[in-house]
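Alright, structures below, take your time with them.
What follows is chain A paired twice: with chain B in the first complex and chain C in the second.
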Partner chain A sequence: MDINLTYLMPEIATALLAVLVLLVGLLVPKEKRHALGYVLALGLIAILVFSFQYYGLNKTVAFNTFAVDDFAVFFKQLFLIAAVLVVLSSTMYVKKMNGNYEFYIITVVALLGMMVLASAADMLTLYIALETMAISFYILAGYKTDQKSAEAGIKYLILGAVSSAVFLYGLSLVYGMTGTTVIAEIAGKVQDLSALSPALILGLLFILAGLGFKISLIPFQMWTPDVYEGAPTPVTTFLATGSKAACFAVLARILLVALPDYSTHWQFLVAVLAALSMIIGNLVAIPQTNIKRMLAYSSIGQAGYIITGILALNTAGVTALSFYSLVYVLSTIAAFAVVMTFSAQTGSDEIKDYAGLAQRSPFMAAVLTISMLSMAGIPPLAGFVGKLYLFKSIVTQGYLWLVIIGLVMSMISVYYYLRVTKVMYMVKPLDKEPVTVPLGAKCTLFLTMLALLVFGVYAQPISMLANMAGSALLP
Partner chain B sequence: MIDIFMDKFLTIGLEHFLILSGTLFFIGLFAVLAKKNVIAVLMGIEIMFTSVNINLIAFNRYTAAEALLTGHVFAIFVIALAAAEVAVGLALIISIYRQRTSTDVQDFDWLKW
Partner chain C sequence: MNFPVLTTILLLPLLGAIISIFVPKEKSSIIKGIAGITTFIPLVLTIWIYYLYYTQHMATGGYAFTESIPWVKDLGITYGLGVDGFSLPLVLLTSVIGFCAVYSRSWSVETRAKEFYILLLILITGVMGTFLATDLFIFFLFYEVVIIPIYLMVIIWGSGSKTRKDIGKEYAGMKLTIYLLIGSAFLLAGLIWMYMLAGEMLGVLTFDLATLATLNFAPNLQIAIFGLMALGFLSLISMFPFHSWSPDGYAGAPTAVSMIHAGVLKKIGGYGLIRIGIFLFPVGAKFWAPVIAVLAIGNVVYTALISLAQKDMKYVVGYSSVSHMGFVLIGIASLSLVGLNGAVANMFGHGIMAALFFSIIGYIYGITKTRYIPDLGGLAHQMPRLAGAFLVAAMASAGLPGLLTFVPEVTIFIGAFDSPITRIPAFIVLTGIVIGAVYVLRMAANVLFGPRKEQWDYVEDIKGFSLLPIAVLVAFAVIFGLFPSLLMDMVNSGIQPIAAKLLSAGSQIGGSL
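And then the complex of A and B:
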């Protein structure tokens, strides 16, 4: 009964990298510490490349607490990509904070939480990983010393802690009813329960509410716009991408591996939550004047699309969920990287100040337009392929009504995305001074734009990996 | 009739613990929703976590097979993580108190809800 540490190497390497950079940073003079971001990004890219060899193992190690399956590896790589892009684009932000490089370290600790979360095969591991990620984000959200940031931090902390208490209560009920904390064993124990157990249903509801909060499904979305607006933009980016994607993975694992026998009870509920998120998220995004708030509501809508993948209860659904999660992460990072660069130079997040961005920085305007069109699902961008996979997987399961709502809401989302594009291209700029893009942000913008364009026409490699992920979770 | 009722009521079983933990959970939730002082809100959150611990240990005592201590271990981790959460919470409260000299949640209104 010993643990083979090679299976945990990506996590160990990430933790070591964080500690190493923390120590090395002390030797670097203050005004150069922001450059540690490049070192960190290189290290994370090395881990990303290294993690490819974990595909195809499909094992559960360390006393059934840690799953090294393709689903977990796919999501780990997704978080690593998100972390690399976020670290690269936040170098300027750290420079402005007088080289306060602990910002990078806490980001990597949050990443570590996400990576363990994707692999968690035991409810205890799952909870510890979830809290590692969440507590790091509470700190990050309140990182800036201005009033809005502190308020965003405290709001996220209070609501986040309540949601994790609710989630934990749900876990304790599931543990009590089944007598085990191992996710794969729960399914077997649930089958033994001859009658429907009300306590288990209550536990399921609480778990759904706790995770629904983290992925900001309606009606647990109230924190999203506030925290997204108040938190530093690099943090908002990571919160909207990594933290959400991690919780999609956990939700899929709990619902599809532990509680598939109760699917008649949760399927309709998840469908209604998805529909509500699509409708309210996209409609409330229309009147927003702050671009971060608009993207927050749009991300609520996107969460609605992504969880439809769980409803299909088959490999195709999980494949679509994995694929769309990647596309969502790339397009959200692209959009927020533009917002980050713009607000670092002009100090504004208002949509009206984006007037004439096409003349001040054609590159930024193009990337923002492409990422938004991808989120809306316009061909030939990657978002279109992702939505196609998602809708195809649920339409065969009798969710035509959900597909129709999804399509209508995609049309509506084009309206408010194009409104920003119109401001950027049609309205004359008040301030003609060009906006310069720093090197790190330039890499991020270029890579995400390229990925969105390429995966739209040539999705083969990614859909193959997503398919492996899907069949690992639901063979 | 009364005898049977008293007998059932006085013999402490799993139900008693579940009722206690359920009550505590909702007392905590009430504190979070109704209290104005953010420190009291944090206390409410602590009560919610405590109710989970009672649940875990009671389930471990009454339902777990053999001599497994999963529930106990789980409870210890919950205590540790709740402490970490409160440490960060208090740090954030100090940071916001310095700016606004208030710990009233209703004063935290720079971001519209």
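And then the complex of A and C:
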């Protein structure tokens, strides 16, 4: 029972960094405040590097409420990477907002929520972390002072609050049946229950629904396109990557660590939700004309792929989930960073306005194409290796049908991704003026593209970390 | 000698593509030069290793010039390359056609030339990689790398057709892409399934083909996995009824892409079907062979009839190539050593022939701006050299003795008549040869002969660099036609282990083949 604060150093450092930047920002003239993003990114990178020493500890500290296992560390690093890339690419956006740099601070608070969420080994810690993250996003979604953003904020707030309530009710049912809030102890208590408990199944369903909302699984997806479209693009990016990845981690932890004995009850349900998300997400993306809505639907499909990793009930599945989460985060950030930069200069998110982007900015067009092809799982990009990990973990477990659906749907997704490519490379631009990419966004685009290419051809480093994460959660 | 010759052959075009990225786009002649050099060296090297293999390794068979580097350890992926008597002719085919595609007509691709050559070189690398890989992951990786560049090349540099106005190049490109990708989805599903099953049997995960071939999968699994993989490979080889992407795709594509596509890309389908499908799942192959044999009739006869009705040269050759793939499929379905030999040799022969055809049509189209047969006529008056090459291609398509397609076709039929599965289909397919001769000779007659049309007097005969690819391809057609053993012995040494596997599977389940 130690409360050794060194185990919480990454979180503490992140919180301190937020406060520090908040204070320093007051001393900086308004028109230069956007540059704080670079300071913040450097600080986050330092924490990222520092956090590597937490690999291999595999401990639960602070009265069994905080797990410092490789799974948590892997996801923490993933959130840090996402935050760095988002902050870097949003400098231009903050500049346009007259140096309204609180944006950075709230982003970092959301990041803090995610990091605690990845480590939460107790349902109360978990819920508090989840709300820290969610409330930050409610604010962020309505950050822009226009009607669409306000609508997105309100919509996300109301639906999010309902889903949080449902989730909390699910947690309380589980607590009621097992008498403990510590996730690792729940499995043992569940085994002690002699008969099948309907209340526990109800709790399980509520948890699944609450988290399903956050990761926008079908049928809890209805908020996704509207919020993605209305929210400021940097927020959308972080919402689509960090928030989702955090909830994948939580879902894996609850289902696989706390409720593996009820797997017969949730496995089929999760498989059906995954299949529906892949099918509907990818099919509805086809007729979209707004690129943010298209990416929203495609992310629904991606969520379907990622949760297949849970179905395998073994280390390989968790490894695959971790690996693909990282790839998903990188490719989504790459795509949204292009969208962000493009709309900051042209004010449009319509796919038809991307006409001739290959001539206006060959770099952006190439990054967008590569990131979308990676999402579709075309080799030699990282998305392909990720899908290979996912599908290999479930193919011999009786989910061949799901593998086939997944692969066919991902090839269908190529259709709408290539449509964007076609517009960028084929259609003559209305406006020949080159689109310039600011320094921060350039870093983001370059790093994500490089990562998608390199990890597609040489996945060894990531697969090593993902394997450690997998065996930490399910030894 | 530990010089990594296969890696050199594989990666030089890619290196050329990477260098080209940094060349300013105005300097298109430098980019063309790079593309020319980085495809010429692999061609020379391939001919060299073909000679070495023919003289030194053919008697013993098996892989030669192998390279193997562990790649992703926990997935059991190895960067493994190697060639044997089966893959080497196809590697040679890729090198020749890659080289010729760079020089063919595309010397005049001026709009966005930089992007064109970069994509073309990536495409050549992709096709080459599938034939060189001894690791199935590497195989699949290159297999899919091929598709996206083709899409971009069709929609950017392709052309619509005069006879089929409703089919634009964008439609053709997307149709091709979606067909091939969905086919590859089934292939990948089968591949992952097999990989995990093999992992359970071996206790260690591996994608290495030679290791996988030592396993005996349960018959029902073989049938299921072969079925999944065959969906992918057969849509690539354009088997009836999954063929309709192919003529549209050729017609829409720029010359260089049509050459590579008809010449080698389709052969990946046949290669994969034999190398992976039949070699790993002989029982599954036996189960599905009658289905393939029956559908192959559709390929040969149905598309040959469609080809008769075409007025666009590219559509004639496009449908004819679907029709020719029917012969290959019959050879594969016979599941005998002779039939498989014929199928592989015919893939080589058809590749050279189709590339020659598309190269010539590309030249004619580039200079006259039409591929519509009734517009043309009497071109032999203005272009005697080109007409000669055209006739060689046409005769090769009709299977004239002395040209490289004759012996393979005969071999296919010997194998097919010998096997009870394909005896009746092969008999029906014979009519396809007759129809095939009709449409190709009619096209040759209407384009080349007849009265001189004065509107084409400005047309110059082919010469200089444009002549180079056509001359090389004609030379291949004649040399391999006169000395078929250069090809047949090689193929035979590569197919023998696969046929042996089929025989042992036959005795295993108590049937005869």
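Here is the rule we use: the second predicted complex is superposed on the first by the 473 of 475 C-alpha atoms of A that agree within 3 Å, B and C clash if a C-alpha of one lies under 4 Å from a C-alpha of the other, contacts with A are read in each partner's own complex, and residues count from 1 in each chain.
Going forward, a residue touches a chain if its C-beta (ideal position, glycine included) is under 8 Å from a C-beta of that chain, and two chains touch if they have at least 3 such contacts.
Because the structure is predicted, anything quoted here is derived from the model rather than measured.
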| item | value |
| --- | --- |
| Touched partner set for A:M426, first chain B, second chain C, both or neither | second |
| First (chain B), second (chain C), both or neither touched by A:V395 | second |
| Partner chain in contact with A:K155 - chain B first, chain C second, else both or neither | first |
| Touched partner set for A:G179, first chain B, second chain C, both or neither | first |
| Partner chain in contact with A:E131 - chain B first, chain C second, else both or neither | first |
| Chain B versus chain C as contact partner of A:P379, first or second or both or neither | second |
| Partner chain(s) touched by A:A459 [first = chain B, second = chain C, both, neither] | second |
| Which superposed partner A:L418 touches (first chain B, second chain C, both, neither) | second |
| Residue numbers on chain B that touch chain A, as the complex places them | 25, 28-29, 32, 38, 41-42, 45, 48-49, 51-52, 55-56, 58-59, 63-65, 70-71, 73-74, 77-78, 81, 84-85, 88-89, 92-93, 95-96, 99-100, 108, 110-113 |
| Touching residues on chain A, where the partner in the complex is chain C | 373, 378-380, 384-385, 388-389, 391-392, 395-396, 400, 403-404, 407-408, 410-412, 414-415, 418, 421-422, 425-426, 458-460, 463-464, 467 |
| Of all residues in chain A, those that touch chain B in their complex | 123-124, 127-128, 131, 135, 138-139, 142, 145, 147-148, 150-155, 157-158, 161-162, 164-166, 168-169, 172-173, 175-176, 179-181, 222, 225-226, 229-230 |
| Touch list for chain C against partner chain A, complex | 71-75, 137, 140-141, 144-145, 147-148, 151-152, 155-156, 170, 174, 177-178, 181-182, 184-186, 188-189, 192-193, 195-197, 200, 228 |
